[in-house]
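Take a look at these structures.
Two complexes are shown next, each including chain A; its partner changes from chain B in the first to chain C in the second.
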Partner chain A sequence: MLGAAIRYSYLNAKTRTMHSMRLRPSDWHILETTKDRDAFLHYLATTSYAPWITEILEQKEQGDEVFERKIFGALFNDYRKILGALRDASSRELILALFSRFEGENLKILLRALFSGLGKAGAAHLLYPVERLSRLPWERLWQQKNVRDAVKLLEKTAFGPMLNHALSQFEAQGRLFPLEMAIDIACFRRIDAAAGAIGSRTDRSRVRDVLGSYVDMLNICHIARLRFVYGLSPEEALNYSYSGGNMDLRTLHAIARASDLSAMAKVLPRPFGGVVQGIAGDLTSLRLKLEEWLIGRLRRAFLGSPFHLGVQVAHLLEKELEIRGLISLYQARIHSPAMKAEDIVPGIFLKGGEHLVQAG
Partner chain B sequence: MNLRNIMSSLMASALVLAPTIALAAEGAQAAAGAPSKWGFLGAALAVAGSTIGAGIAVGLVGAAAMGAISERPEVAGRALIFLGLAEGIAIYGLIIAIMILGKL
Partner chain C sequence: MFRPVKLFRVTIQVPDKYMSQVLGILGDFKLLHLININETPLGKLGYVAGVQADLLKRYEKVLERITRLVRELEVSGPVPSLKMAPRPDRDIYLIDQRLSDMEDQVSSTLIQGRKAEKELSEKRELISRLELLEPADIDFTRLSSLRFVHCTFGILPAENLDRLEESLADIHHSLVKISEQKNRLVMAAFCLKSDREVLERALRSAFFQDLELPAGLKGPVGDVIKELREELPALEEKARAAQEAKERYRQKFGQELLLLREQAYVAQILLRAQAKFGKIDNTYLLTGWLPVKLYDRLRDRIMKATNGQAIVDRLDPEDIREVREGIIKIPILFNNPLLIRPFERLTSLYGTPSYEEVEPTVFLAISFVLLFGMMFGDVGHGLVLFLAGLYVFRRIYKYMDYGIILMECGVSSALFGVMYGSVFGLEDVIPALWLHPMKDINRFMMVSAAIGVGMISLGLILNLINIFKRRRYSELLTSGGLVGALLYWLLAGLAIRYVLSGPPLPIEITVAEAVSAVLIFIMIVERPITTLVRQRKKRASGAKPKGPKPALGTMILESTIEALDGLLRFLANTVSFVRVAAFALTHAALFVGVFSIADMVSHGSASGFPYYLTLVIGNIVIIALEGMVVSIQTIRLEYYEFFSKFFRGGGEPFQPIVDQETKEV
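So, the complex of A and B:
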């Protein structure tokens, strides 16, 4: 206990302070009722997102993508602070593995740009601002002439083995889908391996608890999207599921074999079966219900003994969900102002929902 | 890990031994009719143990305070209160030491 307190006293206080600066239900309510884009941004500039919003407002940059990418600077800043305060190599690797999902998103954009002959200038507005933390050779990657060369350049990175494996599929099918899936799977394998390599047993079990819930939620949404939007077979959808969740292969298989969303809801194990009861039948409501449940689980990491790495992981994941919710609300304010926040943002952000935290 | 175990053992020993030694000192003093070196040792241990404890507590609370203040400077005042509470642990040892010395 004393050792854990010495390791985490600074980081825990810092993380909890960062967590305390998240948006309140009243902030969400005001953002929901703002009359236009500028009013939305000006209100957001009075919250903890101020440094990033002020930048957008000062530069008078236009375009939704600028907001959507710049706002992630707030999350990457928290990643940087947490990494700066962590000394243990295995803990740092876990946080870097979580961060690699954003590197992966940028890689997907890079591959799409190379595939369609678009230069960096044409895709720059779509890129996450990962430069301060990423160690991938971005400049050299953007100088490559084609997808194969870029994949070769990534050979010695965490993405290398999976991308090399998917390269033949990409060349046979003539589409980027196998490479994009390979990037996602590489990220989650890295996260799973990093979580398993954490030295302290308490840290490992608390991190597994948080990440297991996160991966389960992602797997359900991911399988549903692959099956019902992209029309993949159950086996293919299962093949693209992420590792590190609490659900076993048999359960995932049963989920993938469901013929539609309501049939899927019936085969979901506890606690998901109860969580998705009464969904409207579309993927958005499924995702919102599961995200709401996940945020409740993430906030539980802040209860009980405070000295473990699960607190940092939970904070980063919740902040990511908060930013994704903000982006959805921002897009709704611009494109469909009549849309209600509760249809696009997890209810726990809007109403507090501390009961969900206690119930898990 | 070893250092932590040694520190914990030292502190536990100090806390248990200080009153025991003081009582022994009192007994010895009564028998001999003169101040005993055991009394001084008991007082020293009481101060040492409580100071080490306070040092650890201030280290932990101070680190946490720095973490919180670096994010929200306005909580500095409140953080100082908790630092004061941690520092207070040393005073308990000092009081015990004064009580022991008063009996010598």
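So, the complex of A and C:
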């Protein structure tokens, strides 16, 4: 305990400071009622997102994608701060593994650009600003002439083995889907391995607790999307699911076998069955319910003993969800102003919902 | 050698029917620096000739075909030089015809070779895939007789097995592990034929890599592999025969192909050059810079080829108003012997000399080789550098110039090695003809400083020559001109007098002080006086002075600081040459280090394998590391201490109509 206190006291103070700067329900309320895009951005410039929003406003960059990517600078800044304060290699690897999901997203864009013969300039606005943390050879990757060469260049990275496995399927099917799935799977396997490699038992169990909930939530949404949006079979949906969750393969298979969302809701184990009760039957409301539940779980990491790595992981995941919520609200302001915030943003952001935290 | 090649500005007017012949002649002469007509008044009026797009396209296609053939026959070697440049409009037919003949002869061999190699690699690939199944001793005949069961073989990422198993839980299936290699499982997957689609979907999503065995395999896998292996020698023989035939064709057509490629390449360049020509009605007009000595020959050939219907004019650069006013720059064509020529790259790296200044490559080359040799003096290391240079010179055509530089530096190092009596750091193999750097440090440092005085003096003299050539006589009175040079030589003379025969006499010191004071005074007042005279002249001519009038006090202060700065720079530049001795000492000291380590690893026995291995590794490290450091230091001395004294640069490099550089295939 004393060792953990020494190790985490500074980091914990730093993380809590960052966590305290999250948006309040009143901020969400004002953002919801802004009349247009400019008002939305100007209000956001008065919050902790100011440095990134000011940059967008100063540069007069008008594209929606610019906002949607630049705003992630705020999250990556927190990643950098946490990594800067962590000395233990296994803990750093976990944070970097979490970050690798964004590298993975950029890789998908890169592969799509190479596949369709689009240069970097054509895809630059879609890229997450990962440069300061990422170790991948982006310049050289963008210089590759085709997908195969790019995959070869990634051979020695965490994405390499899985991409190599998927390469034959990419060539057989002539589409990027297998490679995109391989990237996601590689990220979550890395996260799972990094969580398992953490030395301290307390750290490991608290991190597993946070990450398990996160991966379960993602798996439910992911399987539902693969099944009901992309029309994949149950066996494919199961094989493309992520590792590291609390649900076992049999449960995931049962979820994948469901013929529609309401059937899926019935086979979900505790506590998800209760969480998604009464969903309207669309994926967005399923995701919102699950995200709301997850945020409650994440906030629980801040209760009790503060000296463990779960706090940092929970903060980063919550901030990520907050940013995704902001992006959804921003898009709604532009494309469907009549839409209510509660239909696009987890309710816990809008109403506080400390009861959910206590209830877990 | 000390100045660029003298050039004329040549203007040629040719009727369009003779243009192709003239292009051929220009290609033969090569040394014409074309001026883009767009940069002349004629071009600005829109009289610009276009390129012959159709012909150019034909050449592009022909070049593509030649390149393909060169690649397929694996032809390599230096590019042969053309005796005569091609005539683009006529030669395309000859090149095309000859190329088609070659393609007809070669294509069947190439196709057969490709087919044999493809078949061979496919068989080998299949064997390697079947070998994965050998541990299971599979019988393909039995498998093919299965009526209700579907079977497939492939490789599965080991970490995906559990998910795959679960995903197939709803159907009757069996996943049989045959072997495991680096987290990859070689597997056989079975299911009912009616469930085949489910199995395939599951395998696909688990990144299962199908072995893709051809249909119709019979018998046990071992027998199939044996049969396939028996087929290999015949295929190998076929591939070998095709390779031999290819080799014969390479011998037969290799040089000719390279020549054709060069012809097509030069023709393409000539055609593209037409974009720089002007055209009025039916007359082409082109203009450019040509070496003086080539002018008569060029004019005679053009007049002969056009039956006297062309007009070839020349202009001396001094007669061109734009050149006198500095609007147009005369390009610089270096003119150095073979051993000096590679150093032109180093000169160009600093800048292109202007037409009116001394071309410094020869001084750079000699001093570079001398300084490098002094700093890297060792017979053995010199020999290694020479051999490395020889290898580059002979094998890597692209870097031939660097090969020559390496060889020259190697010879210089070896000669200084003889003078230092050092062979791979051993100082008792040959006697030192001059000195051992480590034993005579003071003397060596004096010599280095003396070399510095010599090189700086040379730089100052070259600057004086440049001043006279450019007729900027006022610069004679500056710290970089005659006054600065005299002051430097006076101080250097006193220092040499002190070193050689003790402290100077009081009268000598008094004279030196008085002369120095006068020289420094001239340096200080030169600028204010020049500025005042210039302003007075302007006022007398009625012109308005530009900008605010500079204050006299400020000008004197600035000149004083500049004069002191110049003096300090002289001192710093001279002392900087002591690094020559310092790096020669470092070279010797590194040897001491290597020998000490070698003694340590051999426990003081100075023999045995570890001892000699350490010496070899140590020498390699010294050659690589010290060689690089010494090169950098030499370039530094050349650029900052020597070139900065006289080299202004800002010239335009001569760009011949056809680049003569050797190209590596």
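Note that in this section the second predicted complex is superposed on the first by the 360 of 360 C-alpha atoms of A that agree within 3 Å, B and C clash if a C-alpha of one lies under 4 Å from a C-alpha of the other, contacts with A are read in each partner's own complex, and residues count from 1 in each chain.
In this section, a contact is a pair of C-beta atoms (placed from the backbone, for glycine too) under 8 Å apart; a residue touches a chain by one contact, two chains touch by 3 or more.
Because the structure is a prediction, the values reported are computed rather than measured.
Colleague: Kindly classify A:329 by the partners it touches after superposition: chain B alone (first), chain C alone (second), both, or neither?
Modeller: Neither partner.
Colleague: Who does A:10 touch here: chain B (first), chain C (second), both, or neither?
Modeller: A:10 contacts chain B only, not chain C.
Colleague: A:235 in the overlay: touching chain B, chain C, both, or neither? Say first, second, both or neither.
Modeller: Second partner only, chain C.
Colleague: Output check: A:166 vs chain B and chain C. Expected answer is one of first, second, both, neither. What do you get?
Modeller: second
Colleague: Look at A:258 in the shared chain and tell me whether it touches chain B only, chain C only, both, or neither; answer first, second, both or neither.
Modeller: A:258: touches no partner chain.
Colleague: In the overlay, work out which of chain B or chain C sits against more residues of chain A.
Modeller: C
Colleague: When the two structures are overlaid on chain A, which partner does A:21 contact: first (chain B), second (chain C), both, or neither?
Modeller: In the superposition, A:21 touches chain B alone.
Colleague: Touch check for A:249: first (chain B), second (chain C), both, or neither?
Modeller: Touch partner of A:249: chain C, not chain B.
Colleague: Which partner chains sit in contact with A:179 here, chain B, chain C, both or neither? Use first/second/both/neither.
Modeller: In the superposed model, A:179 contacts neither chain B nor chain C.
Colleague: Going by the contact rule at the top, pick out the chain C residues touching chain A in the complex.
Modeller: Going through chain C, the ones touching chain A are 157, 159-160, 162-164, 166-170, 183, 198, 201-202, 204-207, 209-210.
Colleague: What part of chain A is in contact with chain C in the complex they form?
Modeller: Contact set of chain A toward chain C: 161-162, 165-166, 168-169, 172-173, 178, 181-182, 189, 232-236, 238-241, 249-250, 252-253, 257.
Colleague: In their shared complex, at which residues does chain A touch chain B?
Modeller: Touching chain B from chain A are residues 2-3, 5-6, 9-18, 20-21, 85.
Colleague: Report the residues of chain B in contact with chain A in the complex, numbered from low to high.
Modeller: For this pair, the touching residues of chain B are 1, 4, 8, 56, 59-61, 63-68, 70-72, 75.
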